[in-house]
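Across the two complexes that follow, subunit A remains constant while its partner is subunit B and subsequently subunit C.
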Partner chain A sequence: MAVSEVATTSDTYTASVRRWPITRLLEDERWLSFVLLLPTLVLLSLFIAYPFVKGVELSVTDAKVGVPGNFVGMQNFAALLNDSIFRIAVWNTIVYTAVTTVFKLAFGLWLALLLNRNFKGKAFTRAFILLPFIIPTVLSTFAWKWMFDPTFSVINWTLFRLGLITSRINWLGDPNLALISVIIVNIWRGVPFYAISLLAGLQTINPELQDAAAIDGARPWQRFWYVTWPLLLPVTMVVVLFSVIQTFADFQLVYVLTGGGPANATQLFATYAYQIGVGTGLLSQGAAISLAMFPVLLVVVIVQLLYIRRVETL
Partner chain B sequence: MIEGAKWRRWVFFYIPLSAFVFTLLFPFYWMLVTAVRPDSELYRPWSAPNYAPFWTAHPTLDHITYLLQETLFSTWMLNTLFISITATLISLFCGIFAGYALSRLKFRFAGMLGTGIFITYLVPQTLLFIPLADVVRNFHLGDTPWALILTYPTFLIPFCTWLLMGYFKAIPRELEECARIDGAARWQAMLYIIFPIAVPGILSAGIFAFTLSWNEFIYALVFLSSPAQKTVSVGVTSELIRGDVFYWGSLMAGALLGSIPVAFVYSFFVEHYVAGLTGAVKG
Partner chain C sequence: MARVEIRNLNKTFDGVHAVKDVNLDINDKEFVVLVGPSGCGKTTTLRMVAGLETISSGEVLIGDKVVNELPPMDRDIAMVFQNYALYPHMNVYDNMAFGLKMRRFGRAEIDARVRAAAEILGIQAQLQRKPRQLSGGQRQRVALGRAIVRHPKVFLFDEPLSNLDAKLRVQMRVEIKKIHARLGTTAIYVTHDQVEAMTLGDRVVVMKDGVVQQVGEPLELYNAPANRFVAGFIGSPAMNFATVTIAADADGFLWASNEGIHIKLPAEVAGRLRKHVGESVTLGIRPEDLRAATSSDATDLVVDVMVEVVEKLGSEILLDVKVGPSTMVAAVEPTVGAKVRDRLRLALNPDRLYFFDGASQAAI
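Entry: the complex of A and B
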């Protein structure tokens, strides 16, 4: 009697679980994960993996818009090595990435440390500070382009009124200044991202460590250098690597401000690839220029992966 | 909390913080002033006696009415809204499932797939836009909103997946096991127990994905060609400039109005946005 009762309850139990064959299939973790990952895999292979293969394919042909092109081997890459504009673009990209990263990190850290204190209106300030990062880059860059306008620049007007300059500065038209102007806008846009990410990192650090160091007689600067900074380093690394990738491949800022000019003074990898691939319609060369970024990006990604793995195993 | 003498507080705190806030926000103020300033004042030389660059005595809505009546601006807004919302929903759908599978299920290649998705997360749009334009054309998606709706998920899905993996990992396994002991199928436990707990994470991912789509530029620039299909960023860039002539008043009005939807969403969900931003970095 008792035994049969147990049997029936276990029957109803299994019945409630195994209603449909498909449900039974989804009980298997391998099948369930396959089904769950399928939409992602389809989209990513169609629009990332396939274009990547296609890009490599394009870069070894002489295809133009509407012309399929023939296999030419490494000719496009060889041509790039002798292309003086490409060399300028590589150099500009390196300078642009290095200089902006240093300044974004320095200012971002400073701002994060300021925001990490308690003061009235802190949440409010933090919310407003992120605006340069969330407002569409192209649109806010237009505001800068207007502020840099050769004739009506408000920056020039202010400097002039303060007596700091006597003639107008041609921010974007002067080849020596254009890259600096572009760098300024990139820093302006990037600092909030650094500040907010680093602030999140700072907030995970136990304030008692600071207090303990203070009791031991550490000065504020020592407290920062020996306590806060080492603990903040993992977050800092990830933020920097992210931002390096984004900056290295930047396009919109330069496209709006200078279009790569004057005389290629602000030409970057991406703007040059656009100019050749879309502007002139030399698809294969454009694809080759884009792909030339790949080795550098790969190194950064590998560093990041190794770093994250190390942090996770710690 | 801020200790020390009054002058120290000013030198080390109030002055630098105000300088940061001023510099970071000034361009937006400038946008606003320019958008409501009449042309006669905009293009007045410095030497004019009554030149006052930081405000205007005669605000006008001319630039905004021009923008709304004479250009396709409202069409661009609707296009961008449609594209951003649809791309975000698709990416959330894929990202939630993928994030769950990668963080809570055991299967072969799980580690490899996770790394693969992380790498696609780091692929910048400028690396692939030329071959991708070809692919989009071959699929007959060129110059339609679907060209963007289907390609934006390539950077949104990895982001959502990565962010949500963090959220799913933090949910204790026991919750799911309890539901399974009570007779729930595995997918039911996932759908009714785990997903509702992860709602804050899903919201963060969605808001961040929406702003990323609204912000995207190069795909929209390359894949769309007819003026009526364009997004706000591209429309403002290409259609409000005739040759070398910039209509700064309407350009700034366009920049201002084009930012409102993102700013609006952001203002309601600041905390979620920040959680998305920092979660994405911490992984």
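Entry: the complex of A and C
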């Protein structure tokens, strides 16, 4: 309606003739939308698309630090297949991601259900729960490093005093325990994200449904299984999706705690890529390792997005 | 099928006394409506009967059995909620079947009951739909269906129609009444709408501030309100009130007067008011008991008013009038051609004058 008024009045017509060309251009929605999208486009290309393309480019060369390198095709990827450390890293990453995701989801859901109740100091507790998530990972991980220290470990001290152990446990030095230790820290750091996100999901569920189900004869766990859980599922899927991607590409936690050791027992995709690409200076191989994560994550994302769509249209 | 008894029921939330000593006997097959303004404790009372709210003190009996400690599922009740509370991820069929599945009914029995309820409610065609694909009225029917299939001892309704538009509300009100007549299940119905209360209830319980004000059949509440609150709450448009002083004249007649009113009380009313001579009391008169005075009306039972607003409803005209310092509403014949700022003389129906104690507000 406003458009037709502008077109029919001669005053505004002459005014529009005198406008700057750029103003006229922006009146066109196609141009306007392009201009509005531009900042996002620039940022995404600069920080996501360019590094990604550069990574792909590096992975098919034999570039090293200071050596531009030549095109070598899929050689770097072929080499990875025969790299035993790479295979360990792949396995570790899968174990690390799977185990932590299961525990983070379980604890996070449990916490969310508790926090969804009414109790004194609810707001404070909810804020407090977020602490592990808010503290910079490097700082909190250093604290954990001390707690895992064979000599000064507060965990060992407690277990010793409780009479549960007789000798010191070398948390980060033992290859089996090292992976368990980094998994524990990852769970500790990740639970708040799950708890708060799932709590937000729980709060969108109409509490009357719980009353209705109680009257319908559902016991507490049935109310959870038949009412709460199905309604929480879409949120859960999104949370798990984010978490899996983050965990799969996790770096700082392992880097600070063990640096991938002992003897590659905690080597993950990201730490190995860093070690080869930056530590050793074999940029092309590091890039290839990083890129090897990509198909796995792509599959995860596609599967989960399809699932979310299915759940949401139910 | 069961009686429901509520004995000295109390509820205190964080120091707020929400329900105070409520006593109520509900007969088998009876339809009782709890009505009152928001925060009067009616929903809390219902939720205590349902078992969704703990009982601070007192007893609830369903079918002569104290159910205070029983969880909702063991009370053999069904409830219809204000926001329908349908499970959004289940279709209509599963919503209605859920309570039966939880109670381990056989597949054939569930199917028979769900289809029977769907037929009663006219929602056979929607059984495979999800709640969000339904209109408000259809959702409410599903919520009713979920209650019906269970064949419970008692139906509990928590403002089930308040989310529907006015027309649909009237329609669903009639349907609820029909369903109750057909099934004969004892029902407790909570609403803040006095019209709903009057039309649905065999008996109506008026509550205010957690206290039961009056229990009675609809017309009993209308004709003989126990106090000023009930008088003002029941009836639409609401009863008019004016503060008047009672005085006796030399002949022994009683007069009620203030700046705008000076009426002689009929003998029957005067008898009740004799001990209030010299006191300030509240006069109540319903809009429908005021009419345009004619020359044959006695001059001692009329009031002179000025018309402020005219609402033409068709079957009647509502006049907002100024009577001395106060305003009143009169429902008069549509033939009365009153206009704004007209001066008018209204006659009061002598048989329908109400008086309430100035202090206690109880009916005199």
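Quick notes on this structure:
Keep in mind that, in the parts below, the second predicted complex is superposed on the first by the 280 of 314 C-alpha atoms of A that agree within 3 Å, B and C clash if a C-alpha of one lies under 4 Å from a C-alpha of the other, contacts with A are read in each partner's own complex, and residues count from 1 in each chain.
The definition used in the following text is that contacts are C-beta pairs under 8 Å (C-beta built on N, C-alpha and C of every residue); 3 or more make two chains touch, one makes a residue touch a chain.
Computed from a prediction, not measured in an experiment: that's the story for all the values here.
Look at A:Leu231: by the touch rule set out above, it reaches subunit C but stays clear of subunit B.
Of the two partner chains, neither subunit B nor subunit C is touched by A:Ala263. When both complexes are overlaid on chain A, the residue A:Phe294 reaches subunit B alone and has no touch with subunit C. Contact with subunit C, but none with subunit B, is seen for A:Leu209 once the two complexes are overlaid on the shared chain. By the document's definition of touching, neither partner reaches A:Val102: not subunit B, not subunit C. Contact residues of subunit A toward subunit C in the complex are 206, 208-209, 211-219, 222, 226-227, 230-231, 314. Subunit B makes touch with subunit A in their complex at residues 1-2, 13, 16-17, 20-21, 23-25, 27-28, 30-31, 34, 42-43, 45-46, 51, 53-54, 90, 93-95, 97-98, 100-102, 105-108, 110, 113, 115, 117-120, 122-135, 150-151, 153-154, 157-158, 161, 183, 185-187, 211, 214-215, 217-218, 221-222, 232-234, 236-237, 246, 248, 251-252, 254-255, 258-259, 262-263, 266-267, 270, 273-274, 277-278, 281-283.
Within the complex formed with subunit B, the subunit A residues making contact are 13, 16-17, 19, 23, 26-27, 29-30, 32-34, 36-37, 39-40, 43-44, 46-48, 50-52, 54-55, 57-58, 107, 110-111, 114-115, 117-119, 123, 125-132, 134-140, 142-144, 146-147, 149, 151-152, 154, 156-157, 160, 188, 191-193, 196-197, 200, 235, 238-239, 242, 245-246, 248-252, 255-256, 269-270, 273-274, 277-278, 283, 286-287, 290-291, 293-294, 297, 300-301, 304-305, 308. The touching residues of subunit C, counted against subunit A in their complex, run 50-52, 71-73, 77-79, 81-83, 85-89, 98-99, 102-103, 130, 146, 150.
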